[in-house]
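Shared chain: chain A. Partners: chain B in the first complex, chain C in the second.
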Partner chain A sequence: MTTNIGTLLEVRDLNVCFHTPEGIVHAVNGVSFKVLDGETIAVVGESGCGKSVCMMSILGLIPQPPGEITGGKAYYKGKDLLGLSEDELAPFRGKEIALVFQDPMTSLNPVLTLERQVTEAIIKHERLDKNNARKKALTYLEWVGIPDVGRRLSDYPHQFSGGMRQRVMIAMMLALKPSLLIADEPTTALDVTIQAQIIELVKEMKKQFGMSMIWITHDLGVVADLAERIIVMYAGTIVEEAGVDDLYKRTKHPYTLALLAALPRVDHRRDVAKLRSIRGSPPDNLNFPKGCPFAPRCDYVLDQCWTSKPTLEYVADGHLAACWVNVETGKPRL
Partner chain B sequence: MIELPGSLSAPLVKVDRLVKYFTITQGFFFQRKMLVVRAVDDVSFQIASGETLGLVGESGCGKSTLGRTMLGLYRATAGSVKIDGKEVGSSKGKEMMEIRREAAMIFQDPFASLNPRWTVNSIISEPIRVHKILNGKKSREKRVAELLELVGLSRRDVNRFPHEFSGGQRQRIGIARALASQPLFIVCDEPIASLDVSIQAQVVNLLEELQRDLGITYLFIAHDLSMVRHLCTRVAVMYMGLIMELAERDEIYENPRHPYTQALLSAVPIPDPDAARKRTRIVLKGDVPSLINLPGGCRFHTRCPIAQEHCSLIEPVWREIKAGHWVYCHEVEPKFLPGE
Partner chain C sequence: MDLEKTFPEGSAEDLEAPPLSLSKMAWMRFRRHKMAMFGASLLLFLLLFSFAGALFFSEGYANYTNTDIRLTSPNSAHPFGTDPIGRDILARTIYGGQISVIIGLSAAFVMVFVGIFVGSISGYFGGWIDAVLMRITEAFISIPRIFLVLVMAKFFSNKVPDITIYGSTFSGSVVVIILIIGLTSWMSLARIVRAEFLSLKENEFVVAARSTGTPTWQIIFGHILPNTIAPIIVAATLGVASAIIGESYISFLGLGVQPPTATWGNMLDGAYQYIQTAPWLWIFPGGLILLTVLSINFVGDGLRDALDPRSRLI
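What follows is the complex of A and B.
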């Protein structure tokens, strides 16, 4: 055992790259984080920042090749998942760590009925017979709020709306009572009213079942009242990590500051002449700049940012940031 | 004729009782049925010259269909749209060309809306050529270079192909193409929905600069209510083919009267833990009903938190409850039930 008591998952110095015809894409570069028992963390970042790749590699879901995990450990309940074979990983997937994806249409099998989809995993992991698995499936489908479940068990995924499909995914996952739920942009494809329904459902689920959760998103708004701790990723590295209040109110990294400033508020009158945009575009994963990957877009950039890459360090109690600059003074950190 | 919403001295765009139905067939031979999808179902409003009207609503509510019908990309089933005094539906030939020049569109998906086999130069110069704004290749090329610089790209980009650009850059090409015909009015159909947060702000700022410098009028179709609050002068909220509420920006966000608007606003995420914890979410039950079998009476009654018995029987009227603030609901004060 190398992990502390109460730590469910600990990822250490994870490195993942992809071999492409254009060259090696460094998707995840030295990511370390922990998830405690019963804790909800959010991983926030723009497309291509490595947030999904990071979680997928923990469960061995990165196709290798072209992907390659070039280093790191992922201890789940003290066991390193990265060292396991496909067969050894199987009991962890679904039963211990469940995944809910962004697009519930492509993650449900279009030619299987609702009953087959949901009972398949129950039969496999719990070794129940068909009838009992069906009963269990019904309980959870009802719990997530699928109306008139009994009659709809023989329906196919296309007969359900996006929000309903996402509920089905959650029911499938709940039936196995995993200790960790990884939700990869689960509400991005949904309308705001349906998103609100799903978020309320997930909150209720946490209250009743108490599992840990990693919520991957690009939207700093969605997780503000959902997560306890937030990790911000940029160019395959963690740039800031803090408790939810610290992250929004005492932001330490220029990238997080810029992201927050770029979001207009629905509850505020317009008070700026112009939205603060982040100049340029996210870095090309094939050729990272030598120093800090955010330097070309950063408002606080110093000379040293161009030559050496800052490491993730404590800048306040429980607050990590990877930046040479103290954003409150604009001067270098000592 | 009833007075249309909008306190507008000089309306550039007038939409009057616009209806767009689609017919679809279902089933084979003997069970073959014709079904009607009521995508836009009697909508009226105006857009003043130089303003930005936000059009928001959930997916499938008909907001894109409304935008496209307004530009004549779909033939309206009934009603009329006038852009700068010209009737979109009945115009032909020269007059239609004039409307097409004056009204442009920016599409949601910057990947699908640019021809992958055309260079940036061909894409942007097409409207200039078609509308005979500039004759002569040289002068057109010069104009394309100017447009590229206007939207924040480089004149060196003219011979590149769309796939060489990022999503945000492609959206800029789409904007340059829309500007090429020197339009008065642009329908922006979710122009930022597919972009990263850091890029969205760039594109919104660009749209605003262009409006300020060129005096363009926008219909901004979006589902991001925070961005709409930032960008738009007035906002229309659409649900199942009908506008539920329309008012000035701060009026509708601070004093939403329709229960649907209230629910929609309460569901928007706020990037601030304190504010997010404090507010109460009005969670609507269920999904949007089918546009084929519309619920009777008020079409929102199946999900409405304040629905009364008469709401399922009697359709509300589109009425102005105070200057410039229009709603479609019986229950909003002062209550009004038609036929009483």
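What follows is the complex of A and C.
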């Protein structure tokens, strides 16, 4: 099977579940999406909606067991990554697809120096000797804005602040020149000003290195001017996928609408508008309801929502949604 | 206004204390531990006694028998007295000390090596590998160590030829004792390492290392193992002490290192016949064992406190 030219990653019908003592947890249920060359997509959803698991399974990084990829394909440059063994995946990890993790406080090894951690992957993938790897590491650490890099290479992670550590992680991944960078909530653990700095850094990075990017987040506000396309996930499935403008201005799914309504806004006066939340909680992944998983929390719910699950369909040009309702009229879509 | 002169030269960063590495911090804490420093000094003295002492007495002299002067009490010619066949006890404690220390260190090395290997493999991979390795570990624990040691010592003695390193000949039984002690003492370390691995492998930095394509063996030994170094160092230190004691009791029972090679343990063998009549036969080697083990244990205690990551004292 081949994929279209210009498609970097194509995931088809990915299913991932976890075997737990309570039963089988269906974390990802039939997720399909594409990432084009040089494109940035954002994956948005509540905690536990399967966004991280989905990306981790592509690189074989979910613990197996208890995790299990029960179906699907993930074509990267035309090659299915899901069928590969740990050894076969190693050349893809970091070199082709790099990951930046959520919490920079725990994703660096506390007992190894910065130099050791940053150069290790460079030495392995680029086949450089220690000295050249060090030079390369210095270049990228400087690029991400670590001050006084030369002197700090022999420091340990605890001597850096959270924002600096995230910069280090980004430098580590950049040095490998991946074609696809997956950022798993890279700003969630940081405070707002540092978050803004990291986002600026990432934008600059995209401009200069032109890699594709998947930005996982639960904050629609963060990705508005970062991504070109946004995928909204709920309960392990994609509920809406559209270009940024379409998604924000011509929202088609009640869940996305609710997410947008929950965003705090600078122009809201405190006494007028209270911060809204989505009522209820995400469904128990152990046993999904029969119909639409969002039905119990949905403001637009119809009778058919309780009995059959909507599939992801084109509702407008380049705009996919999985919903029975036309949210503009509140009536069933034909 | 001439403000500049009121400030010291250099920027604020130059005034900042250089960051302490983990080992420097541990060393500072260790130095504050009085018992540990006492133990370390005593240990240094005992090592000097055994290794520098060899410059004053030859090994031939230590093994030289002269029945004319058998069982002489300490005097100016023989400061520690002589044994039942007229050998000089001072010279023998010096050479015996070397053997005891070598056995202690090597056996601890064997113990650490096996313990780390079993513990890290077991903890990292889990599943059936863990189950098999842990059942083997439990089997080793449930056999009373003394029986295992004695049977192995009896079985393997005289099967290893003598070896010569740097001009001095070691009885082959030394190697046997090292292996026996090392191979019967790794279990608790393996369990410690396994427990550390079980919790450390869940850390995000392990997934981060995997996500850059780091090979599994490098994740185990290059990324996770350095995080467990503190308990390993402590266990290894205490392992040296228990290996020295282990050697003593095997040799005391006559199954350990064979004469004429002296060890503190086999010097005690036979001394029990003269407990009252010639106490210098056991006081000196026995006292040296006591002091060595005591000082190593003090050092181990100090290391345990110095390397404790929860201790934020400097």
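Please note the rule applied: the second predicted complex is superposed on the first by the 323 of 334 C-alpha atoms of A that agree within 3 Å, B and C clash if a C-alpha of one lies under 4 Å from a C-alpha of the other, contacts with A are read in each partner's own complex, and residues count from 1 in each chain.
The rule is simple: a contact is a pair of C-beta atoms (placed from the backbone, for glycine too) under 8 Å apart; a residue touches a chain by one contact, two chains touch by 3 or more.
All of these numbers come straight from a predicted model, not from anything done at the bench.
In the superposition on chain A, A:109 makes contact with chain C only, not with chain B. Contacts of A:176 after superposition: chain C is touched, whereas chain B is not reached. In the superposition on chain A, contact of A:311 is made with neither chain B nor chain C.
By the touch criterion defined above, A:99 lies against chain C but remains apart from chain B after alignment on the C-alpha atoms of chain A. By the touch criterion stated above, A:124 is placed in contact with chain C alone, chain B being left untouched.
Applying the stated contact rule after C-alpha superposition, one finds that A:61 touches chain C and leaves chain B untouched. Shared contact residues of chain A, touching chain B in one structure and chain C in the other, are absent. Residues 58-59, 166, 168-169, 196-202, 204-205, 208, 223, 225-227, 229-230, 249-250, 253, 263-277, 279, 281, 283-284, 286-288 of chain B are the ones touching chain A in the complex.
Taken in their complex, chain C has these residues touching chain A: 13, 19, 21-22, 127, 203-205, 207-216, 218, 222-223, 226-227, 229. Contact residues of chain A toward chain C in the complex are 56, 59, 61, 65, 86, 89-95, 98-99, 101-103, 106-112, 120-121, 124-125, 148, 154-156, 159, 169, 172-173, 176.
Listed in rising order, the residues of chain A touching chain B in the complex are 46-47, 147, 161, 163-164, 191-197, 200, 218-222, 224-225, 244-245, 248-249, 258-260, 262-267, 269-270, 274-279, 281-282, 297.
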